[in-house]
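Structures incoming, each one as structure tokens.
One chain, chain A, appears in both complexes that follow, with chain B as partner in the first and chain C in the second.
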Partner chain A sequence: MLADPAVSQTSMCSYWLSPVCGVLESPSMDDHQDSSLVVGVGLCDSAPLLWRLQDLKTVRSLGLVGALLGSLPRTPRQNQRLGRPLLLLPEEEKLLRDEEAAGALPGQNQDVGGVELQRRFEEDQQRSFEEQSVLALEDRKSALLRAMTSSHTGESALRRRLEALDHSFTFPQSAMAVQLSTARAGLSYCPEARAHLQANWPIREQNSPRSDARCQVFRDLRGRGFFLTSAGKFGGDFLVYPGDPLRFHAHFIAVCLMLDESVCLLDVLAVARLGSNVKKTVLLCSP
Partner chain B sequence: MCDQTPNWILQHPAYQQMKDLEVGDSEQLHAAFLVYMDLTEVRRWKEVSCVKSPELQVVLLKAKEKEGASVQTIFPLPVHRSLSHRSIRQVLDRGFPVLLCAVAADSTLVYQRMTDGLVTPDPPAGPFQDVGRRQHRKRRQQH
Partner chain C sequence: MGFSENGKQYLLPEEALYLMECGNVQVFYRDLPLSIQDGYERFLSSATVSLQQYQVFGHLKRLGYVVHRFDPSSEPSSYARQLNLPQSRDRAGRQLKRKRSPSPTATCSYTEAPVEPTVEKMEEDKCSLEGDHVKKLAASPDIQTATTSGSDEGRSWWTTDDLGASDKELHHSPTSRSSRWDFSSIPFPDVGSSERHPSCLAPPEPSLLPGDLTVGVCDIASWRRKINLRMVKMSSKEQKREEDKRRRRWDVNKDREVRRCRNWAEYHELLARRQRKRKGRPAHLWNREVTPLHDPRQPIPTGELLDKISVIKSTHLLEGASRLKGSEEWRICFNVYQPDTVADFKKSNPGKPYSRMCVCSFDGPVPDLRVIKLLAFQSGDIPVVFAVVDHGDISFYTFKDFQLPTDVFP
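Coming up: the complex of A and B.
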């Protein structure tokens, strides 16, 4: 019995990569060769992480988005807004490595760093205390002056107190206001030597044909100016944005396959249906 | 339906035509016939004809949605089959818009448009209005 067939509204696109591997073509490429754009990648187990703010900015300017993992100190128990570190996709890390824009983060020299930081902290505290005592004294004096001018009785008593203030005023340490700097807490690094990643980078990836396909698709689409993020939520390989993800919704869900890889028709229909429900075109990509 | 001969499909001229293409895949042939019937009788597409794809060894249909429209290729396939990106590309390389049609065992048909290249999806339909803080607060209070 012929049931009423459903025609899916999403177009499914077949997308054939040009054989030449794409090179990053973003306009900010001019200073790309400048060695100051090397980012320090820290490895946590096998996950490539970026910790430094400058590195995150650099990487974003190259058109790579990554995923923030950390919690923010001021808004801890939520995951709508996350903070550093930034986790890179394997394809993003590979791209950085191939462009020689990634280096290993130097190990922290704990002892030297710690002593230096402590000394600096104590100096800052002392300076702050001295400034605050001066300000407190002035504050007290102006308060007394105001009291003198407003009430005419007891003026002489107040004047005597004012004169005694300079000698007898003490600013207790416990009254000092201490400012805690959350911006730089724990993530400031000393200037480091840049190590370009060569063979001594631990080999972690399994070079399966699927991951190779993903990598080539990533490079090609990135080379065309699209921004790509992981598409785990949508059952695909990448979400493809026409511009920065902060400004646009994704247009495509990219599914990377080898040309001759066999795929169930049911899976094709399932991903197409999902795509139409979320208003994204499913892109079948093969190198 | 009861007084029709049970082999009416086998005797249908369109079926005979498709069989003559000698694709060697009776299941796909049956699927192609069901799609043919749907296009001609239900959707009333025009100039529906069948053609053999030598690379894929399947029966493809060519049809126009209405008079004067452009020709489209329809690729019928039983739903439990699998296919490769290459085979889809080969159908696309014929140069016409492609509709893939999955045919289930109960004759349910699902069509899926396949396009070459990157096609931006339709934008979400408006009108849009800012939900406002009350909605967010409501959601938080539910925890």
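Coming up: the complex of A and C.
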């Protein structure tokens, strides 16, 4: 289940499997902070999303899991395995920003490269069309040959058709297969300079004491090597995995409380019952 | 999915994005195809469809349901449902309601209370008399207001903005002019001020009055006597005198509550009630001997007995829901129809939806009873499902109306 390395370089292709599987092969990148690996975060409706394949690998190597939201291009009509974009938790986004490992992607209205992009697009289309018409012709010929060898009657008619094919074959434009890119096309053409990315990070701080508490708990548990994901379904704040979520089940449900917050005993009982039903230990955490 | 209008086929943004993700549709903007990232960033926003709503939409569509946007105005009201009216459906169900802008004539042709310039302003206004535009007003001679003077400045604010021009035609109906009022130039009389003031208001401009109506001067002297009154301090003898006068004038039949009593028994009740109130005991408390609600020696069926001794009345979810006003955060987003194999769904006649979705998140508050009542009322007889989005996971919750069973043998 390796992502094909030849294709994963371009961010234009969206047909390949979830990149998460490819990252498992290199677990030693945990503490490796390459200065060139800056993750570009796009904002959609004030939610931080990751679009590029390399960004997803980087983020996974840092121990941040996130959640995939989009349809998987190969099998779009199922909900078991989803594809890009990757949604980051607010704590994950804050962690990336504080370690200066992430920056905002440039926005959409880049008219500077507009004409250039269009020219490139048209060139790519033309090249793709030519390749596809050659392949279509070969495909047709091989189909006819197979028909000739399999059926013993009408061989001469088929042979004549084969010879006429070279002259009269046309590949219509409307039959061409086109490729829809997942990440924005223009980005793969410009180098990822750190300054270029971090220029306009919009400040969306929600400085409530609760979110501070959550952030500190996240940092602490992440620092101890646990992987954390969101746990709304389980009635807590985070699900704590001892390793990569693809390998393990969660061992803990972390509920974040503030230091001076008083908790009703009934709530503690309810969350304890829930934890025992799903075979997880409930952690009450406060910074 | 989609709808057609003006002969063209349109797609809603969430539908277009979903088809792009499935690889069935390519969207072009400025001759370049949009990538999926562009689609997310352009089509999804809190103004149109938010990211969470799109997640729910995509999830349901991938499972095979048919998901349409919810339009509250297309649902029949409870009264219409009671009458069982046949549903009328137009082809493009998503047309915007025609906005009715207020007609510009409405504001100018209808004049409010006649606005007259105050005395002070008029005396300062040394505006020249426009010879042919002076109105002959039926003003009594002892008025010092300059109503007789050609106070076109004060009088012509309703016709134009530009007050300085001299050849205004006051006979023009106001509807022909644009109604931009300059309120700083409209003088309102301060009739309540204690300064020296005329006791009459001049009549309004006849051109503003409808038809042949003529209005004379308005005498406000009696009214002005009633305002700005001060409390009079009375000596004790004076107070006693007032008290006696009041008591002599007081008639028991003038009391409104006494008048409401129809017979002597009720009057006695009223007196008793007032007596008790004075003692401090609430009127609704039982003050006689306490006896059982039902005499056990009398046989009645169990059902009736339960009704007799019941204290709490049971209610249902929609009770009182029609009075609730809508709120901004909680609203039904989608209608969900079952896939074609299970129910017959046609674009022209979708039929009843399977359920309605309201999208929220675990970060937000849990819907309270008021919200549940409101949404259930809006939805009618179709259950409302809350789709709670939590960073990529969606959980569906619904509330069911439930009556406690009573174990009664018939």
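Just a few scattered comments:
The definition used in the following text is that the second predicted complex is superposed on the first by the 163 of 287 C-alpha atoms of A that agree within 3 Å, B and C clash if a C-alpha of one lies under 4 Å from a C-alpha of the other, contacts with A are read in each partner's own complex, and residues count from 1 in each chain.
To be clear about the criterion, a contact is a pair of C-beta atoms (placed from the backbone, for glycine too) under 8 Å apart; a residue touches a chain by one contact, two chains touch by 3 or more.
Keep in mind that this is a model prediction, so the values were computed, not measured.
When both complexes are overlaid on chain A, the residue A:85 reaches chain C alone and has no touch with chain B.
Look at A:134: by the touch rule set out above, it reaches neither chain B nor chain C.
In the superposed model, A:232 makes contact with chain C only, not with chain B. Once the two complexes are laid over each other on the shared chain, residue contacts for A:53 go to neither chain B nor chain C. In the overlay built on the shared chain, the residue A:165 is in contact with neither chain B nor chain C. Looking at the shared chain after the overlay, A:114 reaches chain C, while chain B stays out of its contact range. Contact with chain B, but none with chain C, is seen for A:272 once the two complexes are overlaid on the shared chain. By the touch criterion stated above, A:262 is placed in contact with chain B alone, chain C being left untouched. In the superposition on chain A, the residues of chain A contacting both chain B and chain C are 14.
Residues of chain C that touch chain A in their complex: 18, 20-23, 26, 30-33, 35-38, 40-42, 44-46, 50-51, 55, 58-59, 62-64, 361-362, 388, 390-393, 395. If you check the complex, the residues on chain A that touch chain B are 1-3, 5-16, 242, 249, 251-252, 257-266, 268-269, 272, 275, 279-281, 283-284, 286.
Contacts from chain B toward chain A in the complex involve residues 34, 37-38, 42, 77-86, 88-89, 92, 100-102, 106-124. By the touch criterion stated above, chain A contacts chain C in their complex at residues 14, 42-47, 49, 51, 67-71, 73, 76-79, 82, 84-85, 87, 89, 108, 114, 117-118, 121, 178, 180-185, 229-230, 232-233.
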